[in-house]
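Before anything else, here's the structure in question.
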Amino acid sequence: MKYTLVINGAPWSSASALSALKFAEAAMEARNEIVRLFFYQDGVFNASVNCVPPQDEIDIPARWQSLIKQHELDAVVCAASALKRGILDKPEVERYEKPGATLRNGFTISGLGQFIDAAQQSDRVINFVS
Amino acid sequence: MKYTLVINGAPWSSASALSALKFAEAAMEARNEIVRLFFYQDGVFNASVNCVPPQDEIDIPARWQSLIKQHELDAVVCAASALKRGILDKPEVERYEKPGATLRNGFTISGLGQFIDAAQQSDRVINFVS
Amino acid sequence: MNLHTLNKTGQAMQACLAAITEMDALVLLEDGVYALGEDIGTILPESVKCFAIRDDILSRGVRNTCDSRVASINWKDFVSLSAEYDKVISWG
Amino acid sequence: MNLHTLNKTGQAMQACLAAITEMDALVLLEDGVYALGEDIGTILPESVKCFAIRDDILSRGVRNTCDSRVASINWKDFVSLSAEYDKVISWG
Amino acid sequence: MSSQHYLIISTAAPYSGVKPRAALDMALTAAAFEQEVTIVFRDEAVRQLLSGQETDNSGLKNIGKMIPALEMYEVKRICVHAPSLFLQGMNDEYLLDGIEHVSDADLKSLVESADQVMVF
Amino acid sequence: MSSQHYLIISTAAPYSGVKPRAALDMALTAAAFEQEVTIVFRDEAVRQLLSGQETDNSGLKNIGKMIPALEMYEVKRICVHAPSLFLQGMNDEYLLDGIEHVSDADLKSLVESADQVMVF
């Protein structure tokens, strides 16, 4: 099966980011294909390089990153959601004259159209509501 | 009157950050004293230097910054809340080997004890729930 | 004599109503102004003064605001009220 | 034949229950597992299969899980279910 | 690629979080990418449809003014869940123009027939 | 500086957001700074008090195990709003030990008499 997942929740706040991660890990383990991970709303914080979770808690952004790397997944962060939350890549840092990029390696910033495009190529879309 | 305000909401999401800002502006205009602004939970994003709000929307972090500068207010960001959300000052960036600081000028990162301390010195504490 | 604030309806409103006493006052703000549409004026004890932030009433397009029971106020008024009462309790 | 998911109770549960049809199935996850305490098994049409994520039942300390109406599943089972039904609808 | 039918269900009040914008942005984008889009407002989201939202002094983005844009950008059906309207104590006269009413049964068949159902 | 009486009211379920932690951290810190602290769990927050929360496989921080720490760190009163317990369909037998019951009237007088009341 080809999946597109939409991740709407921040890693520190909602069970929903954790559910999405566990679903994605299980889907890959069962040899499915993930066409695209789409990080929307507070979900963009899963792509933050700066988050430091408490030591006794799961590091959700790091887990996403290793899943993405291992399976060469396409991980897109919604540009409009990310900009207002301060998740920026290098071109945006220059454009808005901000001190430094906050996007984690393995993630790309792009438009919501990338979700529609992925949905068309997928058998199933799963929206992890927050 | 001496006030301590607790700001719990993110600038992009909740009316509550905006309410806190407007209360603070009105309090200063009416010649009150703000002992401390305490940014807690998602409220720490009011101290993010990286947030780029849409052009037709109010820039709440910038408004806080100018209020803080104008009246030399003490603006403390809860350390535990900030760390997991990726709001870091320079010492933390070095300690956790992160690419760059995200704390806006005018804000300080410190512990929740700073709130208790401020509350004791204040006539009124106002908790802007999110 | 305490000043309560309410920024949403639902359970927060129930909690607020259960805790408010006859000498207290209430400020509705943010989504708390929707309580005006739920006739909060008639539920509150008569002696409780009720206010609502004007900007929030306008932005949310709430009707029933001409109710003489509820005074619409600005942020400066809210600051003054917070000084008149012993403490501020924010329900949300 | 659709697979519904529910991650909280309250209005989301009502919306889900109003939309579910007899051939559909339901997965409870996150705070949706609290619906077990609200006897969702007896509210659902009998033909609707009902599942709940085991990790979420355990973490929340929810009782009533021996109810034979509801099967506790892991994440891999959820992935399989998502393939068996035509689409997944997440209520929250 | 063939076009899909998106059903977007908005559930939150206009100014208390990011979900209302997430639903509107998703509907607008799907329509811009030539998908067939239906948006339904239910529960507190029916308050997004109130006429006379005035945000000039508040610093908020006017959600009420974004609703007519949905039609302009070819979102095909803009619907209110009628039972929610009743539960929120709202009358038709308070609503923006051009909103279609749907019942529980209508919504059920929309959910059944759409290719993608997304709740925000 | 004299000590103040803090009333912390927790209202949210344990694993669906940050409010439960905000309430617990506030209570613990206030107690650590030698304030007199009462914490009351009401509405969905009563679910924080369920015994038998097992988070080992979930990656979540166990809220149920943080509750006993409140007493250890000298939070003076740990209370459950009894009517909420009833509304959530919960029995006393499901609860952690050592939780005091308060009624609506009790909570009302706590709100009236505390120096600081903070709702999370």
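For this structure, a couple of remarks:
For clarity, chains are labelled A, B, C, D, E and F in written order, and residue numbers in each chain start from 1.
Just so we're on the same page, a residue touches a chain if its C-beta (ideal position, glycine included) is under 8 Å from a C-beta of that chain, and two chains touch if they have at least 3 such contacts.
Remember, it's a predicted structure, so these values are computed and weren't measured experimentally.
Think of each touching pair as a link: the shortest run of links from chain A to chain D has 1 of them. Touch-path distance (fewest steps) from chain A to chain C is 2.
Of all chains in the assembly, those touching chain E and also chain F are A, B, C, D. Taken over every residue number at the interface, the positions common to chain A and chain B amount to over half, indicating a same-residue contact. The distance from the centre of chain A to the centre of chain E, each centre being the mean of the chain's C-alpha atoms, comes to 26 Å.
Note: centroid distance chain B to chain D, computed from Cα atoms, is 40 Å.
Centroid to centroid, with C-alpha atoms defining each point, chain D and chain F lie 29 Å apart. Residue positions 12-15, 42, 54, 80, 125, 127, 129 of chain A each touch two or more of the other chains. Shared contact sites, meaning residues of chain F that touch two or more other chains, fall at 15-16, 18, 58, 60, 116, 118-119.
Residue positions of chain D touching 2 or more other chains, listed in rising order: 30-31, 55-56, 87, 90-92.
Applying the touch definition to every pair of chains gives A-B, A-D, A-E, A-F, B-C, B-E, B-F, C-E, C-F, D-E, D-F.
By the touch criterion given at the top, residues 9, 11, 42-43, 104, 107-108, 111-112, 115-119 of chain F touch chain C in their complex.
Residue ranges on chain A touching chain E, taken from their complex, read 6, 8, 40-42, 80, 111-113, 115-117, 119-121, 125, 127, 129.
The part of chain A that touches chain F in the complex is made up of residues 12-15, 18, 54, 56-58, 60. Of all residues in chain C, those touching chain B in their complex are 7, 29-31, 53, 55-56, 74-76, 78-80, 82-83, 87-88, 90-92.
Here chain B touches chain C in the complex through residues 1, 3, 14-16, 19, 22-23, 25-27, 29-30, 32, 123-130, going by the rule given at the top.
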